[in-house]
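Heads up, the next two complexes both have chain A, just with different partners, chain B and then chain C.
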Partner chain A sequence: MVSDVNFGWSSTIVKVILGATKTNGGTRRLSYQIGGGTTLPFLEGTPDFSGPLIAFEICDDPQNWSSIVRNYCQDIVNDCGEWAHAADSVYGADMIRLYLTSTRQRNFSDIASVGKTVESVLSKTSLPLIIEGSNESTIDSEVFLKCGEAGEGERLLLGTAEAGRYRSIAAAAMAYNHSVIAQSPIDVNLAKQLNILLKEIGVARDHIVIDPYTGSLGYGFEYSYSAMERIRFAALKGDADLAMPVICSAIDSLTVKEVRDAEPAIQDDIAVQWEFTTGLAAAAAGAEIICVRHPRTIPLLRKAFTNLKSEKTDMGGQ
Partner chain B sequence: MRTVTFIPGYRKIDAEQGSTILDAAQRAGLNINVVCGGQGKCGKCIVYVRSGKTIFDQQKYKRFFTDDELAQGACLACQTTIESDLQVFIPDSTSIQEQKILIDGQETAMEFHPSVRKYYIELQPPTISDPSPDLSRLLWGIQKAGGPSAEKIYAPLEMLRKIPAILRHSEWKATGTVALVPGGYRLVDVQENDTAKRLYGAAVDLGSTTIVVYIWDLVTGKIAGVASNYNRQISCGEDILARVNFARKNGLSKLQALATESINLAITTASNTAGIDREDIYEIVVAGNTVMTHMLLGIDPAYMISEPYVPVVRRALSVSTGRIGITCNPNGGLFVFPAVSDFIGGDIIADILACGMSEKEEISLLIDIGTNFEVVLGNSEWMFSCAGAAGPALEGGEVLFGMRANPGAIEKISIEPGTLNPLYTTINGIKPQGICGSGLIDLLAELLCTCVIDRTGRINTGIANPRIRTNSHFPEYVIEWANRTGIGKDIVITENDIKNLIMSKASVHAACVTLMNQAGINRKEISTIYFAGAFGNYINKKNATIIGLIPEISIDKIVNIGNGAVTGANIALINRRMRKTLDEIACRIAYIELNAESSFMDEYTSGTFLPHTELTLFPMVQKLLDTCRITKE
Partner chain C sequence: MTDVELAIQNGELQLKTAITNIQGTFSYEDTAYHLPISYALTGIPVHDRNTSLDVFSRTKDNSLVASEIILAKKTAGNGKEESPYTGFIGDSTIRKLGYSLVDGSILGLALIVGTPESAGSAAAICRELQEKYMLTFLAGPVIPSLSSAGVKLGLEYRLIPLGSSALYSVHFVDIIARVAMMFGGVTPGDMHRLLSYAAERAKAIVIILPGLSDEEIALVDGMRVLGFPILSLGDYQKGAWISATPENIVRTGMELKGIRVNVTAIPIPMGCSPAFEGKSIRKEEMFVEFGGGRSPAFELLQMKNANEIKDGQVTVIGPEIDSMKEGSANPLAIIIEVAGKTMKKDYEPVLERRIHNFVNYGEGSWHVAQRDLIWVRLSKEAVAKGVRIEHLGKLLASKFRMDFPQLLDAVSVTLITDPEKILVAKTEAERVYDERDARIKGMRDGDVNTFYSCTLCQTFAPNHVCVITPERPALCGAISWLDGKIAYEISPAGANQPIEKGAVINVLNGEFDGVNRFVKKASHGEIDRCSLYSVMEYPMTCCGCFECIALMLPEVNGIMVVNREFKGLTPSGMSFSTLAGTIGGGAQTPGFAGISKGYILSDRFLQGEGGIERLVWMPAQLKEELKPRLIKKFNEQGKPDLFDKIADETKAATIEDLMVYLDSVKHPAQTMKPLV
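Then we have the complex of A and B:
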């Protein structure tokens, strides 16, 4: 018996391009095209699927970043350009996700520094970039425009648009041809609503990546998984407003109680396991980009994806 | 005893020292706005003490007043005690004004066949050769005059006591009144001479806010008089829950008395206008929600407001009016509509009767919106119903400048694209004081069409227009500038107001969809949507569809039935065949508990979008919005 791995689904996830090479007007050595799926990943008989991209998350002001990561990465965390370079050349990430945490300080006003930070990271790595901007509506517009401008031509992925604040980021993305992360709180309806809002102010469907909000394992991940499943099923059944690739970042993985309370000797291992397991589950749900913060998680995930691909899930067929 | 003088109007009333101003005002017959039932929580009963001594804790209730107002003697009527003779000023905003009460029922081309009839009879006096008893003689007379056969008529003791004197005093010319009651016919009155033309009945819509009474001439089949007034129970709490709690604490008798008093007041007004004697009213038909009718009948409603929400009775009831205290003929009958559940009461059964959906083969959807909403879906074979809390937003509550449909309420509004200037009308045409439900629905639709708000209801603060601004908490749209309002303040709608409205409309729509799913039908199979209730009658059908309050069907298939409760009561009053179907209708309706439907929350979230997350459910709206909003793919 041959199973129908498409389950009667007829639609395709929209393809989104991240990163532009020289031929496309950018300076990246790689350009990814994510999306395009017609079913769930890792099933036997599915078209060739290279596995999700692994994005490594860094920031430009690490004072509130997980001490586990800071201890592992050492001084490099204080220079996000060098950190990005390491993520590319040492940790083996597919993408860099830069959080402009410096903009999240009270009364931040040094907008020019945002541009410099982005430029420095762009110069230190040639991987495609995801940039997380400010978190304060009064400066959003300037910050996002500055990010957009600094990365013009690079097909960045800008984050994070939410139903309550999406206009600034969408404006910057449209002005400089970048894509947008659309985050909604673990709900298929709210995810769809935000996509419609973005569409309505002019963001093209192939410039949107859905962030369903990822709770970490044991701390709500099952809800995220269910929301992701519903989003993907609806998309494959033909709901165009949900047919975008998905990005997952279980950012709480390194701070869950089990990691915090772990014996110092094994704390690092537990943190990595937690991040790995959450990321793997998100990949199984169909996420196209998995974000991690611990460098050791990257090779584990990559190996798991390879194994899953080579021993694709038997659908129960003989 | 102290004397309190209320101005304007100079109404005087004696009051005990230490009693509250609210109490005095209510006894003086002044309707004071007390949303919380006099607990000092709502801050609506603001009055100004012009002279005299009172005790009022200004510090405790400071949040309701400006310093200026306190300096002028402002206080809460419910929390201020009388210590000397007083002069108290009641501002307009505090007194409950005559609300635009919907008394227009639907035109009813209903067969006239009332349950109560009068028969004028001229009898032969008894003789030694014809010694049959007075009663038999009377009942045979009635039978001969076209009434029911004598042996089928039951005559109660009080009639038997009256008969001998009346028959002899009038020299055997008398009028008998016979009513059809459950179980047969009943002789309800015997009068001297010919009074057959004086036979009236009253249909009552017993609402939690308003009472509407229609008096019918049951001989000619014409409406003799109409009246309405506030349900006086409002002084014990604005919403039903507050009143049930009041009854739990203070006993049911006050609420029962207030319900009766409110009905009596309306009956008196209507009778006076019609020039009829209330003694000639022999039948009262009451349609009201389940809690209201329980209270009217003096049945404890306490068990209805908590799980598992059980009413004491749901079938139709007939009792003698004298036992309830209704001022009409003391032997008259009071018929109370049956209910389906705590939340689907006799008022909804009356709506169903009024729109006729229970007799049609096609599927209809009936929606009655107030603070709570009720939805019924079905046809002549099956029916599903549900009820839920829409929140007070659609009635003007939880909206900064929301108000009931009182004079000065903006009831219709449109917004000019580009300038974003509004064009509106207010009730009674006076300067605006706020916005009522129908105005809010218009406003939401217009703000959406002019792109002031996005589909989640968030105001686009990027628009450069003085009407769009951000106050200390939320972005807002200025509907009217202070100098052009009747309240001296800018009238605005805030993003938070809009959010509340969207939540309200989402729950109504989700309830409709839940019933549709239960029945396994889609919106295209609905032949008609009926809007019932006061609010429904003033609703702009197109705008209600644009915001996704109701499933999208062709606008001309949406029908406002107006005050369906009173129309239904009218039908039941004048047509005994229809009245008999009520219990059967009530039994046909399956009640769906929304809290127990796992899909309801999902449907609700889907509905928190304008018009809806599933745009394919609103193809006409989507097409319309495409032309007025900028859409790029």
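Then we have the complex of A and C:
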């Protein structure tokens, strides 16, 4: 018996292009087109579905980054170009997400360094990039201008726009043809409102990726899951303002109590399991991009996605 | 005296002659948009005589197009003008400029063209434009005049000297044309899109100084089709230009184009953020308090004309905090005056409610209730850090400007702490409150075709949809139909959306097909039907914020109402909190409804069940609260004895007692149609 997976949905998730190859004016070796879904992921009868992309998160100032990741990756974390290179060639990520954590120091003013950092990462990996800029409104304007400029032609994904702070990111995306991550705090209506605000300022719908905000497993993930589910249902039922692909990054996974308090001998394993399980759940909810920070999580997720795609579930059959 | 209309005619003729005689080839460097104005309007790259003539005739002899071609030809022949003049500005700079416009670091663009009467007055206009985050382009003799007055020019000073004559103001338009193509998705040749982009999105104003030639007048007048206000100084007559003075020209232009200066920082010595909203200031932490029944206090927000208000002005009338005794209660009036092009009188009470949020945003300030019932406290910690009464005013003035940038152009705040003067002001405030109450009071559901939704609570009650009508406020009691309407006008993508009532399905239950359609969609397909006036059939969903719960008591064939404040058990055998837990979360529970106190007084209350005669029980405190208005209503309906027939916990605490009581008073519900 084959389960009925037709829910009467009529709409499609907007397709967003990430990364530009040489033929499209960029220097990436590949370009992704995410979105395009017409139903939930991993269902039977959706052969085109290629599984979510796995983005590996790095930063340009690792002093507040998880010590678990720093211990695993070693000295490479101090050179984000090399780190990006490793994520590409050794860890096997699909994308790199660069957090410009250096801009988050007190009184940061070296705006020129932002452009240099972005350029160096672009030169060390040819994967499509996600760039996370400042999170201080007084420097947003200059930082995002630099990010946008440095990545001109590369079709970056820029983050993170929020309801009170989206103009600079939107401007950088519009000026240099990048896409934008629109984050709302686990709320379908706020997600929609932000997308409308972005649309009003002039960002095209196929340049927006929704970040519903992802709590870690056991620390609010069920709320994120529910928000994602409702965003996706609304989109598939025809709400164009929510019909964008989703990105999830459960950045708290490596700092939850269970990981912090784990025996040193198994701490690394617990951290990976926590990140993996959260990422898998986010993929099941329909996220198109899953972000991770521990390199060992990548092969686990990849294997799980492959299995989910190939296993035909026979609901109720014997 | 210059007759503008005559000058335009002459100028257009001269431009036409010049175009007819155009020869050779010409183009700009550093652009993918050819001659940008011509290209944006027609999609044709102009580089020579033939394309020039073609585009000129296609645009019906447009003077902007003519001037662009003439200037391009001139630049190709003579080369670029020397510094400080920028001449044509390349695409990569325009991209950055567009960025600043979208990003909000530049609010708009201004063009100043002509010869100033004095360098000083031109410098003053430029300074005002700089202060208001405008990027100003200059063309003609105004440039040397400013330089001679020591004004620094250049992109970093947001004053861009385009060229030595007014003809160079063409570049102002070619920049806007390119921004429209780069950022506005305008395809070259889509004239209609270009014009609507320029009119709606391009925040540009044109300031004209004396001394323009006829061709130059024709050129700048051509910018009117782009929807830019053209403001003139000096003796220009007739025509469609707006005559102004050096003092008001910038403000008038910005107002006409709807360009507003945003407030970004609040100059007070305490933190201000929604993060502090939930904190309270206990008696022992408090330095002083105002109102709360301890001293006279009220708040009032009123709309005024723009010229009656000085934006950001805060006035304290009466003693400041340093002359108040620690721990004392003092009088306080918070009087806010606002002005804005789109502000309406109806918005006043809605904005006034925000005082509550904003004062609570202050790290050391606290506020409850509304109107003349307010209660405000300032903490010892805040006062030690230097917070004064005046800072409450600064906080409010800034927050109103920050949160309603589209609505408000100016906000001023007056704080009265003088015990005599506050009483006079309070009488006036009470008159305003009465006036406002009267405005919504007479409104009936039948008078309107549109209701408003509220989905604010979907954060925690995912499928809950409040439908707000003139006669049924939101179940939390906080949002009336008028509030919903205004909230929608202020924030069209927000949580309050219009609902077309549609055809009537059941007149008594208040079921409408438009409402059903909306609720189905907004509840994400969970709820198919919603009766606005019935507790029994398809009642509205409940979030958790309801002021009261109405529920059916089958044993007595009636409906009881319990309010949140009542802590005891009700005749249903359950307390308010148990009931709330049963019906909240966005569910539709026949026999139960979350309602506001105000709805009890409405003629639509329990209409589906036969009206207020069904009401058999309320807590004594709620009964007391509503007493004057209920008695008035019952008298009007010719049922003066109904009030006493409604039981409360002192008359009947259990369902058995209630049955006995209702029997003894011959409550009308007993003889009504069975509820189940």
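Assume the second predicted complex is superposed on the first by the 305 of 318 C-alpha atoms of A that agree within 3 Å, B and C clash if a C-alpha of one lies under 4 Å from a C-alpha of the other, contacts with A are read in each partner's own complex, and residues count from 1 in each chain.
In this section, a contact is a pair of C-beta atoms (placed from the backbone, for glycine too) under 8 Å apart; a residue touches a chain by one contact, two chains touch by 3 or more.
No experiment lies behind these values; they were computed from the predicted model shown.
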Does chain B (first) or chain C (second) touch A:24, or do both, or does neither?
neither
First (chain B), second (chain C), both or neither: which does A:187 touch?
both
Considering only touches as defined above, state whether A:204 meets chain B (first), chain C (second), both or neither.
both
When the two structures are overlaid on chain A, which partner does A:175 contact: first (chain B), second (chain C), both, or neither?
second
Contacts of A:196 with chain B and chain C, given as first, second, both or neither:
both
Quick check for you: in the superposed arrangement, does A:148 touch first (chain B), second (chain C), both or neither?
second
In the superposed arrangement, which partner chain does A:63 touch: chain B (first), chain C (second), both, or neither?
neither
Identify the partner contact of A:167: answer first if only chain B is touched, second if only chain C is, both if each is, neither if none is.
both
Tell me which touches more residues of chain A here: chain C or chain B.
C
If we overlay the two complexes on their shared chain A, which of chain B and chain C does A:237 touch? Say first, second, both or neither.
second
Per the definitions at the top, what is the overlap between the chain A residues touching chain B and those touching chain C?
167, 187, 189, 192-193, 196-197, 200-202, 204
Counting only contacts in the complex, chain A reaches chain B at residues 163-164, 167, 187, 189-190, 192-193, 196-197, 199-202, 204-205, 241
Applying the document's contact rule, which stretches of chain A touch chain C when the two form their complex?
137, 140-141, 144-145, 148-149, 167-168, 170-172, 174-176, 187-189, 192-193, 196-197, 200-202, 204, 226, 230, 233-234, 237
Contact residues on chain C for chain A in the complex?
95-96, 98-105, 182-185, 201, 264, 455, 458-459, 462, 493-495, 524-525
Residue ranges of chain B touching chain A (in the complex, touch as defined):
454-456, 458, 460, 462, 602, 605-606, 608-609, 613, 615, 629-633
